[in-house]
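Handing you this structure, nothing more for now.
In this document, chain identifiers A, B, C, D, E, F, G, H, I and J correspond to the written order of the chains, with residue numbering beginning at 1 in each.
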């Protein structure tokens, strides 16, 4: 299960200014709950879980009172490794967890998933703090 | 004939938020009804159908109540394989079929067709749900 | 001389929707009326005409009642092959001829000409149908 | 079924010299006999055939008495479109058919197949005429 | 633990000819036994295992009596997902397992691992059947 | 410590016009105060300082009365070499120092930092002179 | 000294339409008045002039009554070859000279200068004809 | 008709040393004698000649007593513009004409022709002076 | 001073096979003893040391009894950070130090240094164990 | 006139080993003695010299007793700036001058000249010290 409790923050040293932080990793992996587009039941039985998914995750945000601590973000993203979760949930879940942890002025999360069944998928979700 | 009845959907898990889903495949192929820019009648007689066309199809949409199921989309796109259909119809037809199936808040379909007669064609069509 | 009479059209199958058609060819060639940046009179005498120019031509338009037929467009572009014509005229002339033939809702023509005298030139012209 | 009888040749105009002809197309498609890495029985039943495969085919040869006629080669490659055939057979079969038709001094065929199950495959086979 | 028993083969349909099969996947992942260049004990305790490693694996071989079945190869590579194993062992172990399964005429395995500590590593190992 | 006193300016020769100056260097390096995402205490003890960070720094500004002298900017950026400083501070500090030195009409500083822990970070901050 | 008197124009054949002309050359070179970021007095004494600068110059404009003649523009740009001139002056001077010669509806000049002292500089200036 | 009499040479200033000269142009165009892979009789009647072909021509040689004069080579390549000639003949004819004109120690000519019928062709021929 | 005593090794787990390990980092930096191509004495006085140099270092080797430990290699390369050392010495010194530490069957070190004075330098040195 | 007397050397610190030094600059410029492929007499009269040529110069050598000093090489290459000299002479002259100055074990010089008359030229010459 994703572990948002791993996320840590530190005080934003330039909180009086709107500035943007972008972070990206090509190393996100999770499992597909049902084996996904390309697997059948026999495969899943062998592996005792869903077929692996791979994605690049891009995160862009304008910090408010705190910034996301980079090492804790890495650990948080690792925590999806052995969970079964659909693409749409991955991206929206990361957005919700990071918004809860850092309360940013705005944030965008993009998940760029590897080809499955000849189709590539990119999911994008955004948050903007109500004024 | 394109088979829109192959398309399946599942409930959008984050329907309270506008977010974007992009899907792309370089593996679209159909036939040209009249043989197209580069073929003559003799060729068509040999093959009992039109000359093959190849395209990359890009689909971008903001889901409303449901999302398009990826595997069913793959099968739907395969169903053009042995039909004779012009470029303009391919793109507008896919848009119409996907809008009918998923009732998205908005959708864009782009067909990027391979060079024929030294000319490359890219067709783009968009839909926006009336408010 | 460019032969706009070669251009053919067919009824737009989705005329109730604004959608965009982009076509591009790297195979445009014409002659320079005066030999251009890089030739002198001796060369021209040898070749009985101007020095060759080469360009990629990009055409983007929103069709109205009719679409441009692809094969006829190819033949029309070939008809510049042995004419002497300046860059600015090439692009504006193609725009005028295509607008006259297809009466589109809007159109853009871009001519991206090869390096001459160390200088590369790109000319862009646009048309928008008066409402 | 692949139709090698479509292949035509013409006399090599420079047969006294060893020279090399390379031809490549990104538009090869066939079907997978068993549905392949990514499909299950339900999909195949729907489509009444195997899942589509896509490849770029590269052909390099040194002609001897005859050259392969380009248009006939295009038609021959189209004839795989609705056949179920494994990757290894595609490449070796094309090599055998082209060698039989053109009797070249040497030939190499490379099939660069699209990603299936996260894996990309490239198969290469060569022929050298015995002296 | 890597599961070589997942590997399956099928008879080489062109065993009388030396030809080459190349397969590549950017989706290899395993764990580092000691946390690797970039992790400390606290991280490992959290994740109950080593830090994830990511690699592209390239396999090139000349088949002898049998070919590697693609789907089984995919499952075999998945079986490294939750094992702790060093880079050098990953590449040599895959080579040993695939040689044992397919008895090829020759084989090369290359593991191209993602940056760790600012350093990228690529390991290559080869096998050649004794005559 | 960063040495803003190294920065020099010269009178803007075209101060009556708004025009833009962009400068970029891939050669920025500083140290991470705590060793960063990828280092532990043992490493830091060895090096008597934090782990090195590397970045490309992009600066875009519209000069007002003065322009930044290029050589002095190079020396100023060198002055971060042996300081421990977090990514967010690097970018905001450079922006503050350059704004103080040149009083530009507007300025943007972007720091594109190398991968650490599989994550790449890009920080962007902007200044606009109050009217 | 730059020689704006070299610039020639010809009547704009489509003056009733706003269209854009873009020209670019990677072959601009001038000298730095003081030797620049990377040279010292000894070098300059040897060469009896400043250190060479190199740039790509991009020019975009909407012609009004006249167009810039391409060959004369080439000669004008050559005339900077042995002059000492700073980056900011190069770009603004070219803009001023071309505006004076062609009186365009609008114009933008961009100078993209080679790396000096590890820093790359790009200067952009624009002109818009008052209505 | 190709005009080899346009070719001029000048004495090789370093004839005592084997060194290599490579020249390439993306601006080669000729006509296809029979309209080629993509044209039919109606098109050809319209244009009073074959369909245009386009190629990049690469020439590599080791000069002996003379070098090829660059401007005359340009004119020679222009002389193919309105001739109908097959790909194989283009490359071998250029090789023969240049060898006759310059008597080089060795020479290679490569013609890289644009896509026709979805197929790209590259033809390579070589000459080596007998010792 | 470079600190070869930081280098650690571990037993080669596949010592009975010749296989290749390639490692590369774009994060090498040292100082130039005399300020280098682009600096003068005034700059150096300010910085109390030479001007910074930046390079990508590539290391390829065939291990014998031991492999280089990746983390220790990172620390060793960091130890050049504040030393003044010429390009030629950097590459040959790294080769000597790594050969002394790992006694490989063969090794190649390549240093690809950033542009200085408009010139880029790449130095390559190799070692082969005497048999 | 090229000034080989500007070239300086320093003792090779690793003369007991064959290792390779590669240097490249995109900033070489000279003049064409006769105005070259693209200029006529009127242009040359205006500029009181030939038309400018631009090239990237690549130098690869194995040093013997001495290495080429980088700053002096930069100055030497600048000394061609206002000389009229043909491509073939540029490359062979640089080779001769550098061999005379550094007496290397081997050396290769490549001049990659910008497009003139639609043709790009690359000249390569090599030297090998007699044993």
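A few notes on this one:
We take it that contacts are C-beta pairs under 8 Å (C-beta built on N, C-alpha and C of every residue); 3 or more make two chains touch, one makes a residue touch a chain.
These numbers come from a predicted model, not from an experiment.
Taking the definition of touch as given, a chain qualifies here only if it contacts chain D and chain I alike; those chains are E.
A comparison of the G-I and C-G interfaces places the larger number of contacting C-beta pairs at C-G.
Centre-to-centre, using mean CA coordinates, chain B is 55 Å away from chain J.
In terms of their C-alpha centroids, the spacing between chain E and chain F amounts to 42 Å. Centre-to-centre spacing of chain F and chain H amounts to 53 Å, using the average Cα coordinate of each chain. Mean C-alpha position of chain C lies 47 Å from that of chain F. Residue positions of chain E with contacts to 2 or more other chains are 26-27, 37, 54, 71, 114, 116-118.
Interface note: chains touch in the pairs A-B, A-D, A-E, A-F, B-C, B-D, B-H, C-G, C-H, C-J, D-E, D-H, E-F, E-I, F-G, F-I, G-I, G-J, H-J, I-J. Against chain B, the residues of chain A that register as touching in their complex are 36-37, 86, 88-89, 91-92, 116-126. Residues 12-14, 17-27, 63, 67, 70-71, 73-74 of chain C are the ones touching chain B in the complex.
Note for the complex: chain H touches chain B at residues 37-38, 40, 54, 114-118. Against chain J, in their complex, chain G makes its touches with residues 6, 26-27, 29, 43, 46-47, 51-52, 54, 71, 75, 78-79, 81-82, 114.
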